[in-house]
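First comes the structure, then the notes that go with it.
So that you can tell them apart, the chains are marked A, B, C, D and E in the order they are listed, and the count of residues begins at 1 in each.
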Amino acid sequence: MTPVLEVKNLSTHFMTRRGILKAVDDVSFTVGQREIVGLVGESGSGKSITGFSILGLVDPPGRVVSGQILFNGEDLLTKSPTAMRAIRGKRIAMIFQDPMMTLNPVLSVATQMIETVQAHDRVSRAEARARSRDALGLVGIPSPEERLDSYPHQFSGGMRQRVAIAIALLHRPDLIIADEPTTALDVTIQSQILFEIKRLAGEFGMALIWISHDLGVVAALADRIMVMYAGRIVEAGQVDGVLTTPVHPYTSGLLSAVPAAVPRGEPLRPIPGFAPSPLSRPSGCAFRDRCARATDICATEPMLEIAADREFRCFHPHLWSAA
Amino acid sequence: MTVRALFAEDMLLGRLFTGIGRSPKAVVAAIVCIILLFAAVIGPYLTPQNPFDLAVLDILDSKLPPGSQSMDGMNYWLGTDGQGRDMFSAMIYGLRTSLGVGVFSGLVALIVGTVLGLIAAYFGGRIDTLIMRVVDLMLGFPTILVALMLLALLGQGLWKVIFALILVQWATFARAVRSAALVEKNKDYVEAAVTLGIGTPRILIGHILPNCLPPLIVIGMLQVANAISAEATLSFLGIGLPITEPSLGLLIANGYQLLMSGEYWISVYPGVLLLVLVFSINIVGDRLREVLNPRLGER
Amino acid sequence: ANLILGSGTEPSAIDPQFSRTGNNQNIAMQVFDRLVQTDPAINVEPALAVSWTNTDPLTWQIKLRDGVKFHDGNPLTSEDVIFSLTRAKDIPNSPAPFSGNVGAIESMKAIDKLTVEFKTKKPTPDFIEQVGFVYIVEKKVAEGASIEDFNSGKAAIGTGAYKFKSWTPGDNLQLTRNDAFWGKKQDFDNVTIKFISNDASRVAALRSGAVDLIDAVPPGDVKTLQGISGLKVFSIASARMIYLALDSARDKSPFITDKEGKPLDKNPLKDAKVRQALSELVNRQLIIDRILDGSAEAAGQLVPNGVAGNDPSITVPAMNVENAKKLLADAGYKDGFGITIHTSNDRFPGDSEVAQALGQMFARGGLKVNGVVAQPYNVYTKGAGAGEFSAFIFSLGNSTPTSATGLRNLLMTVNKDAGTGSFNRTKYSNPAFDDAMRAATAEFDVKKRVELLQKATKMVFADVPVIPLYWQKVHWAGKANLSYVANMTEDTSATLAGIAK
Amino acid sequence: MTVFVIRRFLQSIAVLIVTAVIVFIGIYAIGDPAEMLIAPDASPAERAQVVASLGLDKPLWEQFFTFAWNALHGDLGRSFVFNRPSISLIFERLPATLELTLTGLVFALLLGIPLGLLSGLKPNSATDEVIMTGSIFGFSLPSFWQGMMLIMIFSVWLGWLPSTGRGQMGEFLGLHSSLFTLDGLTHLILPAINLSLFKLSLVIRLTRTGVRETMPLDFVKFARAKGISERRIVFVHVFKNILIPLITVIGLELGSMLAFAVVTETIFAWPGIGKLLIDSIMRLDRPVVVAYLLVIVSLFIFINFVVDVLYSLVDPRVRLGGAQ
Amino acid sequence: MTNPRVETVPLIEAVDVSRRFSRKLDYAEKIANLFGAGLEEKTVHAVDEVNLAVYPGEVVGLVGESGCGKSTLGRVMAGIMPASGGEVRWKGRPLTSLHGEDKRAMRLSAQMIFQDPMSTLNPRKRVIDLIGEAPKVHGIVKGREMRDYVAALAERVGLDPSYLDRFPHQFSGGQRQRIGIARALAVKPKLLVCDESVAALDVSIQAQILNLFMDLKREFGLTYLFISHDLGVVKHICDRVVVMYLGRVVESATPDELFDNPKHPYTQALIRELPSVTDRRRVFTPIKGEIPSPLHPPPGCHFHPRCPMAFDRCRVERPVLKETAAGHVSACHLNDLATHQATHATAEPVI
């Protein structure tokens, strides 16, 4: 089975006044059909830009400077703007982080959904409307027909995010990129959305890239997990494996920093130090300043190592008995 | 606070300077502004004649074209006006007046408007309603009517024109400050300051006001330009400054009649100077608008 | 042919009796007629009245022109005249009624269809000059007509050379020729009068061809317009005298200071020598040449040569700084004093410039000019009337055949009941002059009357009650194929225009 | 909606009363209408008669209350100068001013929005620089100077366009306007340009700022992610958002254009209310000034009302009736 | 862990505290009502008769959904916002009875630390002024000593004192939060109300800040009201957890007790849906329905429309807080049913 998406050596840089900002730096991964991939990492590590790069939506002064993005075997980076537009929303859809901001406040939900249908399929308004209504029903919005004519502000945050999901589902795309879609929401609403997404992805056979910095959420949802740090994927593998036997010191640092990792009342175990400024990342392993295991060799670029169930970039990986 | 720190790139002043510095157009405009300001300040030392002193004028020299010589051998490089004023001197003095009127009225209006706007925003309720209704009323009244009434009440003169312009302008500032302050007021840092037991005046002036400054600087800049234009228009309508001490606007208005009879210099030169002045102020103000708007400023 | 006339002023109403201000009369004189009218030099000539005689000092008989028809075809009768002269007194809310013109009438009687007999309250030598200038309306139409009826044209029925067609306030007024007019046949079929108050715009309109003829050409533009082929300028020195009024009656004057700018206890202007000195400091011709581009004639008295009452023996005071300084020294002001000159800035061409020039000249004569203050007329006139100024510029237009009215209004002692001194804003009072004027106005013999007026004029101007500066020249400009009768009364009317022969 | 109307209505009345009071005091301060009006050589009896018939002999407060009482009955008084109901004087001239301002506004919008979009979509490009620098001219030149230059260039030198007055009127659908004849249109062009240059700059700027502020917003990116065409994004998504500030400002500016057409009307001899106002102020024709301001203020209020309604149509988040 | 409750006087106590936000009808709306428009005043019961005592040295966690009134309660208890019903007592004395110096002392003793560190720091002030302004204004330090004082504080919260002349935007999120904490500490508070203070931070930085809080508590004996919607965090550092739903307290217990034995269906759902790395559940059984609007809260038990176990009584009668175990109170009508039934309440709800 060919993977839905194959990203090879993707680099996306921002040419800012203060220098080149390597938001995504030599990132490679694949997403298989019907696979749910979690992309985690701390704020600013390049998760969103990875997603936007795939869709060709990196804003200036950012630019994909190298790499390949193969979607069903075709390289998206060589496509014309028109061809890209035909793919966006139709075959790759995206859901954004902030449900309050993703919908145009002055257009009705119906307008925003119908235009999406009609942007890709030559159908009548009535039919587009019917499809929109069905999509709203799918994501669990009660009485979709009436709600269609509402405006975004008349929905709560959770419902807006569901509308965004419904829009993403309109064309049953092959791949959905969800960029932290539940971060702004409550625990109870978050779990409703997770539930809905998971059901629908299964039902329609879609692949899903789920971007988040909440390890718990990804753990609950994804098949595979990729951990980003400073523009690079530092570790990737099956969820169970990565979360139980993290290989990269950053992954393990993250896992031990969560409150649940220590007994109640005990001091937590944060990763010491701060992430380097994206403008002045040290060469070599970007994590080495914060890493207890770092040695001189870490000043050189770690290669992507591929073990049985794991890919990682580290000279001093944790070696678990199981691995 | 060291001077260097003041100009640090993150500070307001620093942002102003680096912001302007990055646009060649704005640099030129800023330099022009500074030159004109300088010329206005040292005006009396620059000019061969005091055009405000009737005793040195001679209508025998009136309406001489540029380059003519006076009876006593002085050269009128830009010609003379209907009263025999040396146009160059008159323009420098007029610039002084115009700039003075613009800057001063802008400044006072800024202060008055800011205080009232802050009060309206912070206290809300009746005070807010009252102030804002007055603002609406002020913005609705034609400038000329206000000026004319004041003129009648107070008599004619520089200060009265300035007063009229202040009266017309403060409302703009009050409105701008209020809307900015309404946003700032609800930010958490204000609540934090309240929690820390910091008094209301201090919060208003020390905390909220500095954050409302960027739009104010921009509006202030543009208002100065506006005030200069407005004074010119008032002069054109015959309710401006004393005629013996003409501003640029009055010079233009005086020469306006003569424009078609070929004595173009009386109106055109001051007109060009006014244009250059207002234009460069606007360019600088415009640039500031770009720089100081965090959403539009360079990333 | 059609005529488009660009006018700087606009009527406030079409009712010819509503106001006797110039702007209203200009329109009225084209649609309506009076018993008599003036020629360009303000001489009376017959109009609707062909003759007027006084059978005794209190009785006048006026004979009307035969065959005159109103625009609606009805003939003019004595009834219309009696009605019009009665109506003139009680136009509601009229700001400048003709009531003064008919004030002398005791009673009126129609002798026949074309003769009216008047009884006056007291002997009135210039009776015809009073009632003669009231416009005659048609009784049938005007009786009970409102001001709106006139404005709309319903009641705007006169005997004039043109018929009223329409008025769009602020924009234009349209007339068509009255083919049944009793007088000279007009050259234009249709006349449009466009109201363009801004001077430069009006000139631009002529230059761009949008109008054929304009009035009130600013002096500065005269030379330019003359230089443009295809255009022609029509000029005349009017009977409008521009003068500097001096606060000569009071013991203290608000804007008189010492050289340091501190208020002065004494009022130097009370001294005729000082006034004389100020007059001699003024170089009238220089002002006329430099500020008014020659559009004026230097004045030393009220009315110019050609208007009855002018005394040719009064010379225009020449500039004589030496003598002026001597006069000042004689009066005890060797070092001069401080003075502020006030002026309007929108009343007549060059008003504020002239004031500044006066300031320059006074300054050169050793006075300290504390300022020249220009104000819009509405503000200015209030201050002038209230005696708030010390030296201020005004103008006085003379539209009557003799200087009597002007002298009475400007220089006679203020006496509201006698109707003298209405324009005497400085409260100047000269009993000898008052007596001389009273004698002159009571004189029935025209020649004698004029002589008496000249005597009074000479007497009063020797005292320098005001400083006469100049008589304004007025200009009209039009296409070269037009003719226009430039007139001293500053009237702008299609009846004065024609196609050049 | 009802609440909104009630609130507006009450506020309007308050504003109107204040306006009237200010004008009364203001005119009183400027000068004595009688002085301006009555021929100076009028006899005391005549003077007294006119003063009495105009009601100027009564104390100011009494004059005010007489006025207010009559105003309540729909009578705003008669002009001192024209002796006609001041309201009819104003309504007679209002169409000319409306015609001028609306044409100016349409001109500003038709030209300003595309230019603003152009420069907003390509910020910092050469086009943007040219448009923005050019638009500063609109702010920098005093209006009277602009007007003079327009006349000099287009009527005197080039002789292309008439410079004064309103042209021929045409009739269309029962409306009389100079918009319907060629002559009328040619007369309208210069004053309309003069009046609209400032607004044009404003519209350009507002549009540009709007575009620049809206383009980076998430929903634009989301629309792109949906595969919507760039055209639709600009003209539907972005444009509708820009419209909101635009409507507000246009509302305000239409009002101020109406009120401040004075200069343009003076220069171009346009028979509108601006010129009537300045003349009336100069002549201290108080009933006209009061009526003018009341009409203008009412118009302001009405325009604001329309703006608010439009606003709520464009922006579904805005609900009429909520307190400010 | 010691039981702080042996001390009898709470440091701060809310007694039947309510906080309503209402918008009064203005004149226009009143007039409209005369014509029968039927407009009502809109009142949000952000906090509805809440009782909560915090004892010295205690860390009390306050959890609940967005908009349930946590922040409002925090503000009322910190004395920033007056209560509209009931009273808040500081060391046993009602806040309304405090005046002058006492009032100021109380105000300074209760400090708040907010969620978004950036927005609580005035972007135009330097760190030194941000931290030092209040102690200077209140005369805690003299002008000259300020820098040392601030430097010491900065060091204490783990900030490099050499950064004192920088502006907030030059710091990372975690550092900014430290600035906020140092600023609060600068006026020597007794009580810190932490309103979602770690929600915006990355896991690792969150851990750093939580450690700091625990250190400070140990060192200065600070008392905390810790507001969060993250049960995991609350569980870790609190001595007692209070659960709110739509303005009311629905349950309160020690963390262990609460997590082991939640009584209220809402608490149960919260605990169940808490995503966790260690305890990976791949089945989601969310609470159905949206959070109801606080403008029109449902009658009876606010939670009943979403409650899988709701019965008739829940729809009409407001449940009161009852103690079910030592120090464990909850407000649910299920408590009144037979105990064996209640244990069943954890059964999977249907969606």
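Heads up, the rule we're going with is that contacts are C-beta pairs under 8 Å (C-beta built on N, C-alpha and C of every residue); 3 or more make two chains touch, one makes a residue touch a chain.
A quick map from chain label to UniProt name: A = Dipeptide transport ATP-binding (ABC superfamily); D = Putative binding-protein-dependent transport permease; E = Oligopeptide ABC transporter, ATP-binding protein AppF.
Not measured: the values here are computed from a predicted model.
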>> According to the touch definition, list the chains common to the neighbour sets of chain A and chain B.
In response: D, E
>> Applying the document's contact definition, name the chain pair with more C-beta pairs in contact, B-C or A-E.
In response: A-E
> Centre to centre, by mean C-alpha position, how many angstrom separate chain B and chain D?
Replying inline: 24
>> So the centre of each chain is just the mean of its C-alpha atoms; given that, what is the distance between chain B and chain E in Å?
In response: 51
>> With centres defined as the mean C-alpha position, give me the chain C-chain D separation in Å.
In response: 38
> Quick one: chain C and chain E, Cα centre-to-centre, how many Å?
Replying inline: 87
> Which residues does chain B have that touch at least 2 chains other than itself?
Replying inline: 148, 151-152, 256, 259-260
>> Show the residues in chain D shared as contacts by 2 or more other chains, in ascending order.
In response: 30-31, 148, 152, 156, 216, 266, 281
> Hey, which residues of chain E end up touching chain A in the complex?
Replying inline: 1, 65-66, 172-175, 202-208, 210-211, 214, 229-233, 235-237, 255-256, 269-270, 273-282, 284-288, 290-291
> In their complex, what parts of chain C are in touch with chain D?
Replying inline: 6, 12-13, 18-21, 92-97, 99-100, 103, 147-148, 151, 168-172, 194-198, 200-202, 204-205, 207-211, 346, 376-379, 381-382, 385, 405, 409, 416-417, 419, 422-423
>> Quick check: in the complex, which residue numbers of chain A touch chain D?
In response: 52, 55, 57, 59, 85-90, 93-94, 96, 98, 101-108, 112, 115-116, 119-120, 151, 153-154, 164, 167
>> Considering only the defined contacts, which chain B positions touch chain D in the complex?
In response: 25, 133, 136-137, 139-145, 148-149, 151-153, 222, 225-226, 229, 232-233, 236-237, 249, 252-253, 256, 259-260, 271, 274-275, 278-279, 282-283, 286, 295-296
> Once bound in the complex, which stretches of chain B touch chain C?
Replying inline: 54-55, 57-60, 62-63, 82-84, 148, 151-152, 156, 238-239, 242-244, 254, 256-263
